[in-house]
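What follows is a set of structures to go through.
The same subunit A turns up in both complexes below, where it pairs with subunit B and then with subunit C.
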Partner chain A sequence: MAILEEPVKGIVEVKNYIDGEWVDSQGEIQDVVNPINGKVIARVPISTKEEIDAAVEAAKAAFPDWRRTPPVARARCLFRLKELLETNFEELSRVQTQEHGKTIDESRGETRRGIENVEVACGIPTLMQGYNSEDIASGIDEYLIPTPLGVFGIIGPFNFPFMIPLWSAPYAVATGNCVIIKPSSEVPLSQMKIAELVDEAGFPPGVWNVVNGGRTVVNGMLDHPDIEGITFVGSTPTAKNVIYPRCGATGKRVIAQGGASNFMVIMPDCSLRATIPALMTSFFGNAGQRCLAGQNTVVVGDDDRFYSEFVKGVVDTAKRIVIGNGLDEEVQMGPVRDADKKKKILSYISDGIKAGAKLILDGRSDFKIKGDYPDTCFLGPTIMEKVEPRMKIVTEEIFGPTMGIIRVKTLDEAIEICNANPFHNADAVFTSNGRTAREFKYRVNSGNVGINVGIVAPMAFFPFSGIRDSFFGILHTQGKEAVRFFTESKVVIERWP
Partner chain B sequence: MASMVERRRISCPVHHVNAYIVKYDDKSHAIKCPNKQTCGDTCPYLKDPDYKPPYRRAPEYTPQ
Partner chain C sequence: MQLNTSASVMSFAKQLEADSSGFYQEMAQRYPEAAALSLAFARENGKYATMIERAYYGVITDAIEGCFAFTVETDKYVIEKQLAKGLGYADALNQAVNMEQKLISFYTDAAEQSKAFMADVPRTFLIVAKKRKDREDKLRALLKEK
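Our next item is the complex of A and B:
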């Protein structure tokens, strides 16, 4: 199959989108590098405090009129945005592949999941309805009216540059708020493209803003008294030690989604024909850079024959994963995002080996790249057995294409391992037994639970959950919970004497 | 007028949406898809209603 045409040609000068205008930043400029071939595809500004302040001012000024715009009219802007996203679907998908490295199929899936959030937010006239009680006392009625709050900051990660800001932004603007999006400076192009379509969709100036940058922009958002709340997706240390406490200190609402170390529990009664391909996409899809990716399997039972067949199956199948340029439609795994991330993954593999894990597929060297590309950011699937729950490769997030195999005797032990881990983002069980499945979903303390599903990604009309070190806050992004997060419950008690 | 002989749901591998293929007794077929306008002639099912995408997200596994 031919390699698809790259949509980004030359070097794009990324600008900020503030108050409906594309504006140059005074901050320093960083290169955006395509991880497949090391080519610079864009230059992104690291914006200044003054620039984030200007965006907040613009959003604050746009808020009163936008809030007064009827929800049906706000929804029309989102319907138009949805149409434009569909029209530009393929270009948007290829941009993700170019800036991030993921395969085109993964990018198309990401685009679809992002659009679905816009579609759900189009239902805002119904979604943000309040409720009322007549005659709470004689001649007195009471109402609840969900009202927008003002300006929200949305801080995106590098692993899903298109979709993750759309877990929040459509709901924020649909409910009448204004937003400032800070994409990851490593992958700013997807949000730039969305902002171009937002502009075309007819949103008024100041409602949807994009400010590129790093810590200065994040600090500017966290400290700004006119920002009502923040949604953040990134690492646990930042979510736990920076975003969550500082939002608390400044009285902001917060959704802070952190990292994960997810377990896939394999019961001996599972169908290996279905389970092994599901594990391949769970562990190695998006090159393992997913907070829903499996990091370790827990194989239950003392059936040595099943265990051997499982291990041989995952190793043989992982070896056949086609690695290369994501714009080649035959490729099933792209590179990791950059050389530093690769280095970190390599150090985890070394740690695992030192701690006693047995390497049975070495993704450091035992792989081939389809096509002539430098191996700077490429890794193959790595599989280690004899992994123990105390090892760093279990207790910390690797965020790369690695699979650890832990062996236990009973389902109870497997659930104990899942629940003892500091993260509780997504755990799954693979079984053909309904009772086992129920027991697992009932007892496992995880935000997103899979039954014979390897990537437990909630749809746009369900919250993207997470517990303990994977999530800091109360309400989650997506769906009805996002609508709750972006609105205050105003209660009116009314009497006409 | 041709009568419908088959209606099949497909999961489009390009746009990740569900669509329908309707086949008629005169050997013609139609695509019922919310993305039809966007994709236009590039829809692989227009030319071949039995199109099977060659791409697989993960290699297949056959138990021993």
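Our next item is the complex of A and C:
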């Protein structure tokens, strides 16, 4: 099968999108490298404080008119955006593969998930309705009006360059706010493409802005008094130590989604035929670079035969995973985003081995790349047995294609391990027993719980949850919670004597 | 060759539909007695390709087993898409029946493999398989008339 055509040809000069214009930055320029072949595909500016300030000014100036625009008219802009995203679906997906390295199935999946958030936000005329009580006292009525707040900052990660800013931005603008998106400087092209479509969809200037860059832009957002709130998806140290406290200090609303170390609990009564592909997706999909990825399996029971069959099944299947260029439709796993991330993953594997884990599939060397590509960013799936809950490969987020296998005797022990972990993003159980499933979902302290589902990714009309070190804030991105986050509850008490 | 990813299976299915459409267009030209039916089949192939594409693009998400949903051995479903020079009408109908059987088997097998993973895709595959079974019956009826 042929490799799909690359949409990005040559080197794209990425600009900022401020006040409806494409603007050159005065900041230094950084290369964007395709992790598959090491080629530079774009140059992205690391914008200055003045540039983020200019974007805030533009957004602030656009806010009063946008807020006055009726929700149905705002929704029509989103309907046009949705249509444009559908029309450009394939190109948008291939851009993600080029800038990130993920497979084309994964990129198309990411595009679909992003568009679904735009679709949900199109329902804003009803999603944003308030409520009222007549005669709270005789002749006095009281009602609640959700009102927009102003300007919001949206800080995206590298692992889902297209989708994650869309967990927030459509809801923010649908509710009448204006946004400034800062994509990861490693993968800025998807947000640039979206902004081109936003422009074509006819959003007024200043409503949707994109400022590329790094810390200066983030700090500029966090410190700016005219930014009402921030949504952030990234690592736990940044979410916990930077975004959350700084938003608190400046009185901003905040959604700060951090990392994870998720458990997939395997009961001996599960269907291996359905479970193993689910685990392959969970652990090795997106090369393990997602906060919903499985990091460890916890195999329950003392049935040695089942355990051997399970381990053999996952190892044999993982060994056969086709690794290579994500634009080759047969490829099942792409590279990790860059060489530094690969180095970090390798160091976790070494840590695991030193701590006593037994390597049964060595993704450091035991893999073949389909096609003629340098191995700079490639890794194979790694599987380790005899993993203990106290090991760093369990307590810290690896963010790579690795699977640790922990063995326990009972479901209680498995749940204890899940709940003792500092992260609580997504845990799942694989079973054919309804009682086990109920027990698990009832007792496990995870924001997202899976029953025979390896990637517990909530749909756009549900919040993307998370607990403890995986999430800092109260309300979440997506759906009704996002609408709530982006609006203030104005309460009116009315009397006409 | 074994295909495991949804993307590769979708491309394979679309190629089969295009090949099968080409076959029926040629059949329509060469055998006037089957022209209307063959052209209708060729048009339907385009519809099937669209249905499959819509199902895939509608259901694919980052959360499902898109890269691990299939184990399609393509060699099992190779179709004879050219009509040999001088081939009689009955033999052409037989070739069409054989092609339909291969395609029914592809769609049925692929639906079975992916039913736990791909939601609307296996359902669409089964719809196409059923429509192709109807086709097979129509072709067999023509053979009987012959």
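Of note:
Operating definition for what follows: the second predicted complex is superposed on the first by the 497 of 497 C-alpha atoms of A that agree within 3 Å, B and C clash if a C-alpha of one lies under 4 Å from a C-alpha of the other, contacts with A are read in each partner's own complex, and residues count from 1 in each chain.
FYI, contacts are C-beta pairs under 8 Å (C-beta built on N, C-alpha and C of every residue); 3 or more make two chains touch, one makes a residue touch a chain.
Remember, it's a predicted structure, so these values are computed and weren't measured experimentally.
Considered on the superposed subunit A, subunit B and subunit C are sterically incompatible, since they clash.
Legend: residue contacts after superposition of the two complexes on their common chain; A:109 is shown touching both subunit B and subunit C.
Within the superposed three-chain model, A:446 lies out of touch with both subunit B and subunit C [touch as defined at top]. When the two complexes are overlaid on their common chain A, residue A:286 makes contact with subunit C while staying clear of subunit B.
Residue contacts after overlaying the shared chain place A:457 against subunit C, while subunit B stays out of touching range. In the superposition on chain A, A:313 makes contact with subunit B only, not with subunit C.
By the document's definition of touching, of the two partners only subunit B reaches A:272; subunit C does not. Of the two partner chains placed by the overlay, neither subunit B nor subunit C lies in contact with A:261. In the superposed pair of complexes, A:209 makes contact with neither subunit B nor subunit C. Touch criterion met: A:89 reaches subunit B and subunit C at once. Within subunit A, the residues touched by subunit B in the first complex and by subunit C in the second are 1, 89, 105, 108-109, 112, 273, 277-278, 280-281, 285, 317, 329-330, 332. Taken in their complex, subunit C has these residues touching subunit A: 3-8, 11-12, 57-69, 116-117.
Every residue of subunit A that touches subunit B in the complex is listed here, in rising order: 1, 86-87, 89-90, 105, 108-109, 111-112, 272-273, 276-278, 280-281, 284-285, 309, 312-313, 316-317, 320-321, 329-330, 332. Those residues of subunit B that touch subunit A in the shared complex are 13-17, 35, 38, 54-64. Every residue of subunit A that touches subunit C in the complex is listed here, in rising order: 1, 89, 103-106, 108-110, 112-113, 160, 163, 273-274, 277-278, 280-281, 285-286, 290, 292, 317, 322, 329-333, 453-457.
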